[in-house]
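Next come two complexes, and both contain subunit A; in the first it sits with subunit B, in the second with subunit C.
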Partner chain A sequence: MLRSEKWYGYLFISPMVLGFAAFLLGPILTAFFMSFTNWSLFKETSYIGFDNYKTAFTNDPVFWETVGNTLYFSAGLVPLNLLLALGLALLLKNKLPGIGFFRTAIFTPVVTSLVVWAIVFKYIFATDAGMVNQLLEMIGVQGPAWLYNMDLAMPVVIVVSVLKNVGLNMVIFLAALHDVPKMYYEAAELDGATRWNVLTKVTLPLISPSVFLALMLTLIGSLKVFGQIYVMTGGGPGTSTYVLVYYIYQQAFKLYEFGYASAIAFILFFIVLALTLVQWSVRKRWVHHEQ
Partner chain B sequence: MSNKSFSRRRAGSLAANTTTYVLLSIVTAIVLVPFFWMVTTSLKHQSKIFLFPPQWIPRPFVWENYVEVFTRQPFHLYFFNSTYIAVLVTVGTCLFAALAGYAFAKLQFPFKNTIFLVLLSSMMIPTEVTAIPLFEWMTALQLVNTHFPLIVPPMLGAYGMFGVFLLRQFFITVPSDLDEAAKIDGCTPWTTFIRIMLPLCVPALATLCIFVFLHSWNEFFEPLIYLNSSELYTLPLALSLFTDQSGTEWHLLMAASVIATLPLLVVFFFAQKKFIEGIAMSGMK
Partner chain C sequence: MKKASMLLTAVLLIVSMLAGCASNAGSNGGAGNNGGNNGAGTATENPGKDSEAQKPVKLKFSMWGNDAHKAMYDGLIAEFKTEYPHIDVEIINIPFADYQQKLSIMLASKTGPDVGWLAERMIPQFMDSGQLVDIASSVQGDADYKFDDVFPSTLELFTSGEKVYGIPFSTPPMLVYYNKTLFQEKGLKTPSELYAEGNWNYEQYLQAAKAITDHSKGIYGVRLIRDWKNWSDALLPIIWSHGAELFSADGKSFTLNTAEGQAALQIYNDLIFKDGAHPKPGDEITFDTGKLGMYTDRYSYVSKTREIKDFEWDIAPMPEGMNGRGTTLGYAGYSVFDTEHPEEAMAFLKFISNETSMGKTSAFFVPSRKSVLESDVFMKAAPQPSPESIQVAVLDQMSDAKIAPGHPNWQQIDVKVQTLLDYLYTQSESVEEVLKRMEAEVNPLLNK
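Moving on, here comes the complex of A and B:
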């Protein structure tokens, strides 16, 4: 009996284990090996040690620009997304009539295709026909060429991305707020605490594990931004919105420089890993765990 | 509590509620404007798109745009491609993830926890890293420009692992008495899984289903790198066909966007309560 259960167990997990080997473990080991070669569609492959990494760090100004742009995107997106999501969750947590409608509406963009979302916003921010500039013109202001302006393109992409995904964090926060025991609020009210005190001393510490989760997910996601850049700006104007994944895409699937692209992909991986570890290590300072 | 302070509290909460509604309405309006703009533009005549002041409601409604989307491009084909790929990925992911989730939760076999942890850790790997070797392999196997890379690797790759994790969590909460009773009645793990466990996990499975379907339907990066022939395109990729060097046909592009978005919004509208709860749960625990 037990013997057969063992084999059933292995049988049941075998598709996922084989898939893991073929589509995750195999590729990651290959990519690691590739990053130490000049693997390309056009030349003989040879082992070149750390040359790809050296080139990226010392001899490729575009690489540094993409790193800078990626960090700029994250630095703009993460706080905006978390603050807005938290604010919305606080507004949505009470059972008021019609609250379900607002909850659903704000979550709807999460379900929508990123490409569709980006296309519509490209249109909304278009220079002549765009809604934003048409509205500005109504009050007599000449709107800028949003997506063709070096300083404005990235902020526009950030705002568009926040609106697309804020619903996801909102839901995570709503679930957390739901779990805060009512007695804490009753106690705070008896003590005459102000709304701000209740928020900072009671609510935030109690939902901090969820804030941490949302922070990690949003940060990692933001470092891998691609679709909205591809659709809205194509990395431009100039290289002002060139981000890491867009650069990897260009190197690997447009120029077929697989070795160099793999090295950059691993650098992205290490950036993600490093930021995750930093977050993890400072977590104890602000994430509160109930005993 | 005295009557006076009670009514003051009432007035205070009324003001607070009004503020809540005003703030929520503003955000909701900003979020819904793109949908509104997409739908109205899709119903405008090409010559009316750049009018100033803008037409908020199209006059007249040009339903022909929707016909033109299908005559200009074989859009029914893209719709079919997106649908069958998403259905296959969803069915496959749910079945294999449920099998593995059940095994990890309820069956005993050596190295079970080690294997589970190794699978779980793979959720950390960014798809951008694995995409490059996978592309090479698919090239070597002459599977580039087919739908194979859009179906099988997602089913058994990172999303599959997420499914295993989600469903294992669920199966753990099913009382062990149930499968022990089944075992005594002579059920094999397979019959227990099919007859008892699978029907029980329908709610968790539904959440995973919607998740995977959404992801597959909206996926952009993989079709972008793997597909060259436009007759193989999926919807997100096909949208780019309405933009070229000579400019963008916004009215057609928006009509196509509505067609690509509508099925999901309809499904989401009916499933939203369960779906949002499911996300909240899987995000928390």
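Moving on, here comes the complex of A and C:
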């Protein structure tokens, strides 16, 4: 009896496991081995040990710039996204007439194609003919070249990315806010708590599992940013918006250095792994309430 | 009972999935095997040609054309099919900016097209890596094909010793499209008139550009660049006309960091940032909107300008600098790639590049066959531009026009120069500083 149930279990998970092994695990392992070779489209491939990793860490200034840019992107995107999502969720949690429209409006970008979104914003932020600068001109301000300015391109991409994805976190927060029992708010009101106190002492602790979930998803997602960079800036101007995934793409598919690109991909993998481990270990301290 | 049906469902699910995998793996494996055989197969396939002739074959033909070009090739393919009923041809259209990289990856993974377009800058890479098929015996041995009709100068890029790796079909010189209506509104002499007087030089060009610029109407005098990521097509004419060169003759050093190179880039820089006569980096204003006075592009751009209804336009040669007009010759040819069907692919290549077909493609492309170039088919392909303008701006410029330099390492050089040009586009560095950096960072790539 027990034995046969065990086999049912394996049978039922086998499609997923087989699919995972064939289409994910296999390529991942292959890429791992590739990262120890100098595989390039036009050269004989040979095993070169850790040379790719050594090159990245000691002999490739662009790599470090890329790491810095990736962290800059995450450091800008994550707090902005979470704060905005929380603010919107708090605004939109009340049952007001027409609230469904606003919720839909903010969630729509999430299900829009990223490429379309990025192309539209590329035009909005165009230098002279762009909508933003046209509006600025109406009030007599000469707008900057948003995407052709070393210091502005990255913030623009961050803002565009936040607007695209803020709806997802908002929905997570909305669901969590609706799960907070009403009685705590009543109790807080009776005790004369200010709105700020209610937010920091009641709401936030009670939705902390969702905040944690949103934080993790957003942070890991932000390290993997590619589409908006590829469409809006192409890594430019200069190397100011090179991020890790864009650099991997460029090394592999523009410069045909597959071995080196695989090595950088694995460096990214270990960064994400390390962050995830850190987050799980401090989880207990952040999350006060969990079922 | 319940258990039994559950077990059955589970088993069925897995079996169907495995079957799915197996059939996939089977077809992939097959393609891989064919790909593997193909190197050896090429040589031995000739004797079996007749017996295999009726076997249905599907060819893939890659290009970076627009809809008008694709419609024309659809027509040619239909004609080809009447002659070779067993060969099907499928068009793969890849945007120009991604073409070289995508083709490289496709050919490396044995999923590439059988025949396709190649531009001058792509040819060294694919020839070096041995991915082009030698078609010399096929084109030279066929009297009907009239191989001698193709201008020998246009074949140089494709030739290595006795071997011929492709046939050019388009050698369009760079020229100036101008908005005649805007010139007339401002009471300016048009580039064609100035050329006829012998005064069409950079001084006049810059003057006209500044005169036409009208920011209140969003009108710019001039635009050199089609795509902000395609610097080489845009800047080579101005570089050459000022006496500068990109690479040394042996292709081993970067030679733009000279007084001449600086002067050329400075003009471009000033047009954008000092005079405001050129759209700023990232702005996508096209000639057909009527907001550009002059626009430099290849002759093949006429497929777009012919659709213009709102204003009058014409074409003129490039303006003259201290070292000639620096007219670049665009270049595109057909090649047969490393394929399982070299015979059929060669037959298709010969069909689309024969005299009749080239007459048809000459509606968009400046033909490389003497008989077509000098015929009415090309000169009177469409009402506009007029045969006189074509004579002046295209035919008369061909003898002095040069093909842009290529390099086996072009992709890396291209990325590097583009990245460094951004320092100019953002005005973070001066022309001298950018050129100095280019010299330092491009040189190592040339000798890799």
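Convention: the second predicted complex is superposed on the first by the 274 of 291 C-alpha atoms of A that agree within 3 Å, B and C clash if a C-alpha of one lies under 4 Å from a C-alpha of the other, contacts with A are read in each partner's own complex, and residues count from 1 in each chain.
Assume a contact is a pair of C-beta atoms (placed from the backbone, for glycine too) under 8 Å apart; a residue touches a chain by one contact, two chains touch by 3 or more.
Worth saying up front: this structure is predicted, and the values here are computed from it rather than measured.
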Partner chain(s) touched by A:141 [first = subunit B, second = subunit C, both, neither]: neither
First, second, both or neither for A:75, with subunit B first and subunit C second: neither
Which of subunit B and subunit C A:83 touches, first, second, both or neither: neither
A:15 touches, of subunit B and subunit C: first, second, both or neither? both
First, second, both or neither for A:239, with subunit B first and subunit C second: second
First (subunit B), second (subunit C), both or neither touched by A:106: first
Contacts of A:199 with subunit B and subunit C, given as first, second, both or neither: neither
Greater subunit A contact set [subunit C / subunit B]: B
Touched partner set for A:176, first subunit B, second subunit C, both or neither: first
Touching partner for A:278 - first (subunit B), second (subunit C), both, neither: neither
Subunit B and subunit C footprints on subunit A, overlapping residues: 8, 12, 15, 18-19, 22, 123, 128-129, 253
Subunit C residues within the subunit A interface of the complex: 6-7, 10-11, 13-14, 17-18, 21, 101, 104-105, 108, 125, 128-129, 218, 229, 279-285, 411-412, 415, 418-420, 422-423, 425-426, 428
Residues of subunit B that touch subunit A when the two form their complex: 17, 20-21, 23-25, 27-28, 30-35, 37-38, 41, 49-50, 52-54, 96-97, 99-100, 102-104, 107-110, 112, 115, 118-119, 122, 124-126, 128-137, 152-153, 155-158, 160-161, 164, 183, 188-190, 193, 214, 217-218, 220-221, 224-225, 235-236, 239, 250, 253-254, 257, 260-261, 264-265, 268-269, 272-273, 276, 279-281, 283-284
Touching residues on subunit A, where the partner in the complex is subunit C: 8, 11-12, 14-15, 18-19, 22, 41-42, 122-123, 126-130, 145, 147-150, 234-239, 250, 253-256
Sites on subunit A touched by subunit B in the complex: 1-2, 4-6, 8-10, 12-13, 15-20, 22-28, 30-31, 34, 84, 87-88, 91-92, 94, 96, 100, 102-109, 111-117, 119-121, 123-124, 128-129, 131, 134, 137-138, 163, 168, 171-172, 174-176, 178-179, 210, 213, 224, 226-227, 230, 245, 248-249, 252-253, 258, 261-262, 265-266, 268-269, 272-273
